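Encoded as structure tokens, here's the structure I'll be asking about.
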């Protein structure tokens, strides 16, 4: 039996991203291991959303590469990445307001990698939205909309699920329920990359942690190997000052 | 003609206006482009119908199975080569490009076909009429145009609400960025929507050509009427264009009964009145109305 | 010609602590203004040394320059793509007729025609400015259609047949042509200079903000509605003056010619080809259109096909127009509307 570590399915290498003249990511490299949840943390503007969008194909990388499950997806458009198994739950949910809940989910299956996640399974995972399947998405509460956004991404039957700030604007109890669902997905073997503002939740829910600061990776380690203080220091960029913590 | 007859004819005329308007409404709803060449494309449909029907020696209805797919193809090509590029060059570019295209089409038609007004051979359908009661005569052609418009609008509505394509179109209309993100091939959606719009325009052009006459410069007034129907009926509502079209048609025919010279002016004044009082139109969807008013609503 | 020395915190290397100059003008611009003044004087003298054959083409060219500058104010600076300016050209032409019929000197009446056009544009603007973008564009087409139909239906201005411009019988043909020429030159100079001066002020910045992102502009306190109305009014007045000129040039006012949408096509072409949002661009565009018209007018409708086609290509491939290409390459700005920041030499 091989004792080598399994090859990480997602490999981001040396990615630079520009918005016009502004550079948002500087040579970012990242690897996500199969079946594990990785937390992506950092202050506002650190580049977390940019990185997720680059992995999902909504943002072009000026240099570097994105590889997943053995294929180079650097130049691939979003629909090709989805059919390879990457799906993004975007920041701010971004549901299609004039479509019903069910239509939103069905649209998410447009480029689905497989039929592993039919509607029944999705409604079984999110019973709260099953009741509202025929309602227009814009009429739902914040927590329900977030659930629909995740459901829409699941409809693509992803093997790598990217989630961007799913706790924003939601009550703690609701966030707790969502994270419970994420834990169930992990049990079922999904790989997760989660951007999360709440450090406590991020470290509780994930196996690995990556911290970004002003477009660069400043910390990447398994969660048990770092203390909260170390993460906070990296988060705010305090570690470089001499004589200070 | 009695007043009742005039009103009925006006309502039926509204169907034709709705037919030319629905493509414009669709293009704006999904791509946020007002295609200023839309009327000219309808006139092209009429000319193409003329060429096909006279070379094959049949009434123009028989050439529709050739014409409509061709028009759809033209729409695909226009979107891919022209409108799509324009969309990437900012908000003003599509307006400028479609206007330039309109100028090119009108003048190419003048070169190819001369300015003489033409008519299409509608066969026996074009001449027949039926009576209701003792005072009302309805032309079969007008009735067919109206029923066709209703069929097209219903068909479009069904396609949009029940099919996978329709879902993708509506999602793209809501948020093109996120649509692309969830795996919808947005460029393909735009292309098929443009194709559909041009196909409806060509069909409308056939009716325009059969009921009246057309010439290379008829595109402008066709565009204006289509636009007015969309605005009166409400931006973002397909069935609204039928209501808008009927408002236009009734105004045109009824005023025309009194004084033909004032008929078209009355229609334009109706549009301006609606613009003054209720700029969003009668059945506008909030989002679409907000976008059309854009900065017009600021300060 | 203000120059301001602004102390700049050092960036370490050569520029540390040295003031940079912020100024509007460069040597090129100063030089050009001098040349332009000389050119206008020379142009004004044309009737004296060149006479009729030189005046005619220059009248056409200068009319183009006026139309292009005005449309640039609308669309290039303020983002208002109006394809219905021919409405006000027509209004100006008819206004000239009506005013001249009252006995006012036709050349003096140009100013009145411009004012009348601007006044008529006030209530119209209240309607069409409720829309923006492509919908605004089509609404301007409707307005033009309404004005044209109204003229056609008014027997007092000749209906479909039109009317001839009165009050010119007292002038000999040579004098009349010279006066028309000077009037055209005046309108052209006022258009270019007027737009330039208007755009140099805060109005210019505000208008460009409105043109590129009205919501963002409004959020910084720009009175979006006021800016658009002002641009629309000024452009309408300008178009009215052009319409009056056209009436004087052709001596006849008739609906299908003074309300012809071709004028809007020309305006679009000149500004796109020349360069939207620059002062130099429309002048360059007018030259190009003039050259095209001289070479292609014998080809009938093909001429307009080419004009339309070039406009489309310019939008997609050279969105900053010919002047944009030139100024990007050489860094020229002959009539600067912005400021330049220059590092001190050495």
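So that you can tell them apart, the chains are marked A, B and C in the order they are listed, and the count of residues begins at 1 in each.
Methods note: contacts are C-beta pairs under 8 Å (C-beta built on N, C-alpha and C of every residue); 3 or more make two chains touch, one makes a residue touch a chain.
Source: prediction; values computed, not measured.
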Practice prompt. Treat each pair of touching chains as one step and give the shortest count from chain B to chain C.
Written response: 1
Worksheet item: Which chain has its C-alpha centre closest to the mean of all protein C-alpha atoms shown?
Response: B
Discussion item. Centroid of chain B to centroid of chain C, CA atoms only: how many Å?
Written reply: 33
Worksheet item: Any idea how many Å lie between the Cα centroids of chain A and chain C?
Response: 53
Item to complete: Quick one: report the Å distance separating chain A from chain B, using the average Cα coordinate of each chain.
Response: 44
Item to complete: Would you mind writing out the residues of chain C in touch with chain B in their complex?
Response: 75, 79, 81, 83, 126-139, 141-142, 145-146, 149-150, 152-153, 210, 214-215, 218, 223-226, 228, 261, 265, 268, 272, 300-305, 307-309, 311-312, 315-316, 319
Practice prompt. Show which residues of chain B lie in contact with chain C when the two form their complex.
Written response: 28, 33-34, 36, 82, 85-86, 89-104, 106-108, 110-111, 220-221, 223-224, 227-228, 231, 235, 261-262, 264-265, 268-269, 271-272, 275-276, 279, 292-299
Item to complete: Using the touch definition up top, name the residues of chain B that touch chain A in the complex.
Response: 164, 167-168, 170-171, 173-175, 177-185, 285, 287
Item to complete: Over in the complex, which chain A residues touch chain B? Could you list them?
Response: 53, 56-58, 77-79, 82-83, 87-88, 90, 94, 96-99, 103-104, 106-108, 110-112, 152-153, 156
